[in-house]
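Read from first to last, the chains carry the letters A, B and C; within each, the first residue is number 1.
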């Protein structure tokens, strides 16, 4: 049996007074706050302050204790035992315990909840609260990425769910801040949780998420000091904010990547040669320049930030930009004069819309006739989930474990396999990847998968953009995480 | 018509507008000949440049030639404006004339429907129509056309009613002249003047509405250049390179100014009494 | 006059009925409904669950029943509940309406205050340099898109006057100075095209009136030019100006919708754009209906004012 002790924060009984209001500028208003139901980034920006998972991801992309203090994994990889902290209370004053963990897991798995997190926990055969501080999960089969899903197991109090039906409009968690006020499309106000279990945190009394749709307005607000922090700054704005007085620009390689997705049930994308030709025709370096003003890296199937897993993109033969080879391959596949197709995309994100334009120009240079269809976002999502596209350009969030992203995306019938991709070799590798416990063996499996998918998979991975944040000089203690998670807001203090 | 042209020539403002309109139309029509680069041709290494011999008006964020894009932008913007106003003027004045000619229930039904459209604040109606049709320049033309329908319907109906009450027109009708004939021969020529003025002025506002819709992400979609879209996209890098913003703003000014002045001039000529009906 | 008002009100009832049908039908024609948008990229969900969600929102009913339900509610003052926040639509609107109204009225007032002296100046100096400047400036003002003017103002003030709070909104009752400081730039950006339009129209109608016989007679009789100008000419020149104000209110709202987006002002414009994007039918319907009703009533008031000022208008 392996035992892991997690970093336990020493409890120094220092009296600590939080002061000040941290003003954030965000681009959209969260449409709902139920941690088990929502998918939008704007929602999780708030949820991650209000709720805790059993573990959390730190700035080095490693797992760290949150509600759990330590855990053990049985030798067969089937039984996970978590020891929980005993000093945690919900915002409504009730003490947190193992029953809450079991309840939250059951709620995620309940089809009635319709949780997008459900597939992360399908392997759990049984969850049991042994005592108030111990919870035991028994799996049906070894599942290597299980721990990496623990940050998504946000613990919610049963009584609040039962009182309100769901948690879209109310939020009662154990996190550093408690929800105080929501004015849709205007602002959300969070107040410091005086009983938070990490001493000295949070560092500010109030957190205000101001909803400001225009990038230039957010930037102007930061310059004038109306806002203290912009968590997500686009590359163009970053360039202008870099030289602004009293403004600090932070950057970290992101886990989110831009991509061209191809529908492999439609001609000619059913032909692997065509998919390889598309990869050859794309110039990822130029995309880095044109879309991200140089602040991005060419993307393989996994981000370079995942240093344990990612294969360097230079090793993929199709990543050497070569339009002539692309034309040859197309001719070989029976399209000597290229072909016509439509790229579906949406306009609400500048990086996505810009990527679509540059991709179009690049593919046209290789002799293809490309139309870009910029759909309204709701329509895009519908067509995307119904596989109603030739190809699309979009942006995907990343995951710290390769299985978290690859399994659902590439396995036959996977929940985000909208490309309808199906390859028995890939399927077998994906299944082995998640049931193998040995890290070295897992690494070789994912290396093989990355090589198999990079050139002839249904996705041409384009770029991992740099994630920028900007804050005023008076903000101290903020750190960025490649996932875009804002957990370090709790350590921010205002000078 | 000939005397109108002569009077226009002597109306300084109207003539200036006319010249600007011609410039804009020529630019739009002959864009492929006048452009030095393809409107979608990217050269990312050369982005954010100021005016130079190679790029007369500089380059945008993808290194595209702003001068060439503005020429093609005139094309899109003018096409949207003409499309929108064309739809509105044709269908609107047809509805107005029909309402005036048939009277009674037809009149009431048509004009009340127009009132329903007129009741919406224009931007909300345009947003709703575009939400239904989906974004894009053709749909933008349709949306603006629908928004402008009632203006033309009302404008045609009023004078048409007056004309129809004139003795000789009533006599023609009594003598069995067909409806279409009466309308085409007697009514239309008499309502033409205010319609023409409104048409020109509407072209100028349509260009601006297209710009606003593009700003909201509903109008013309990239990479097609329209003046509104170029102006709207360039706002994000105004501080890095203000050239694109300046020149596309200036292009909108020229187009809009041209139609506006031309319309003003026309109004002075065809009917001084009309002065005062704006928008 | 009374019968005229009654007739106008009856017409209004019909128009508003048409408006309600049109809003309702248009929103349903937008591809995708609230449930689809709410689920977003979540495709782990079962079809049964989706059906249940639709049922919860009443989206499974035939359209005419949905419409009847909605209209029935509206007539009793119940606009339904916002799909996302679960709060009554009426509350959401009441929270936003004052913001949009304040911006609109300030812009309107500002436009009137500025354009009158400008218009009179231009008319008084007809053909002169001041006239030319005012005319040219007013045309330029008409042709600059307000979003661009807004962004430009924002950049310039953030660079050179960083202490000026220009973004967002605070209610007037909480902080009058902060409220006005934040409203100043948006007011200017929204008012600009209206100033231009009103100046132009005031100038030309003043010129028309000044050329009329009785003014000339007055002049011949030795009345002071100033008295003539203010007492007689201006009053008569008001009539077309009022009509134009009515027309301009529609354009004003367009500016407000766009400017709310630029300055992050939580008004009806942003509410309705958000509601349409989320397919939040009850909210979108409610906001558009209320905005339309306000707009229609403003126009009615303008028409009545027009009829009242100009006795030549027949009330039939």
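Keep in mind that, in the parts below, contacts are C-beta pairs under 8 Å (C-beta built on N, C-alpha and C of every residue); 3 or more make two chains touch, one makes a residue touch a chain.
Not measured: the values here are computed from a predicted model.
In terms of inter-chain touching, the protein chains here all touch one another pairwise.
Counting C-beta pairs in contact across A-B and across B-C shows that the higher total falls to B-C. Between chain A and chain C, the centres computed from C-alpha atoms are 41 Å apart. Centre to centre, using the average C-alpha position, chain A and chain B are separated by 45 Å.
As a whole-number value, the distance joining the C-alpha centres of chain B and chain C reads 22 Å. Residue positions of chain B with contacts to 2 or more other chains are 131, 134, 235, 238-239. Counting partner chains per residue, chain C shows two or more touched chains at residues 30-31, 151, 155, 261.
For chain A, the set of residues touching two or more other chains reads 216, 376, 379. Listed in rising order, the residues of chain B touching chain A in the complex are 40-42, 44-45, 47, 61-63, 131, 134-136, 217-218, 221-223, 235-240. Across the complex, chain B is touched by residues 215-216, 234, 236-237, 239-240, 286, 289-290, 347-348, 350, 353-354, 356-358, 360-361, 372, 374-376, 379 of chain A. Touching chain C in their complex are the following residues of chain B: 112-113, 115-116, 119-124, 127-129, 131-132, 134, 204-205, 208-209, 211-212, 215-216, 228, 231-232, 235, 238-239, 245, 249, 252-253, 256-257, 260-261, 275-279.
By the touch rule above, chain A contacts chain C in their complex via residues 29, 31-32, 37-40, 111-112, 114-116, 118-119, 168-169, 182-186, 210-214, 216-217, 219-221, 223-226, 376-379, 381-382, 384-385, 415-416. Across the complex, chain B is touched by residues 11, 14-16, 18-19, 22-23, 26-27, 29-31, 139-140, 142-148, 151-152, 155, 197, 200-201, 204-205, 208, 240, 243-244, 247-248, 250-251, 253-254, 257-258, 261, 269, 272-273, 276, 288, 291-292, 295-296 of chain C.
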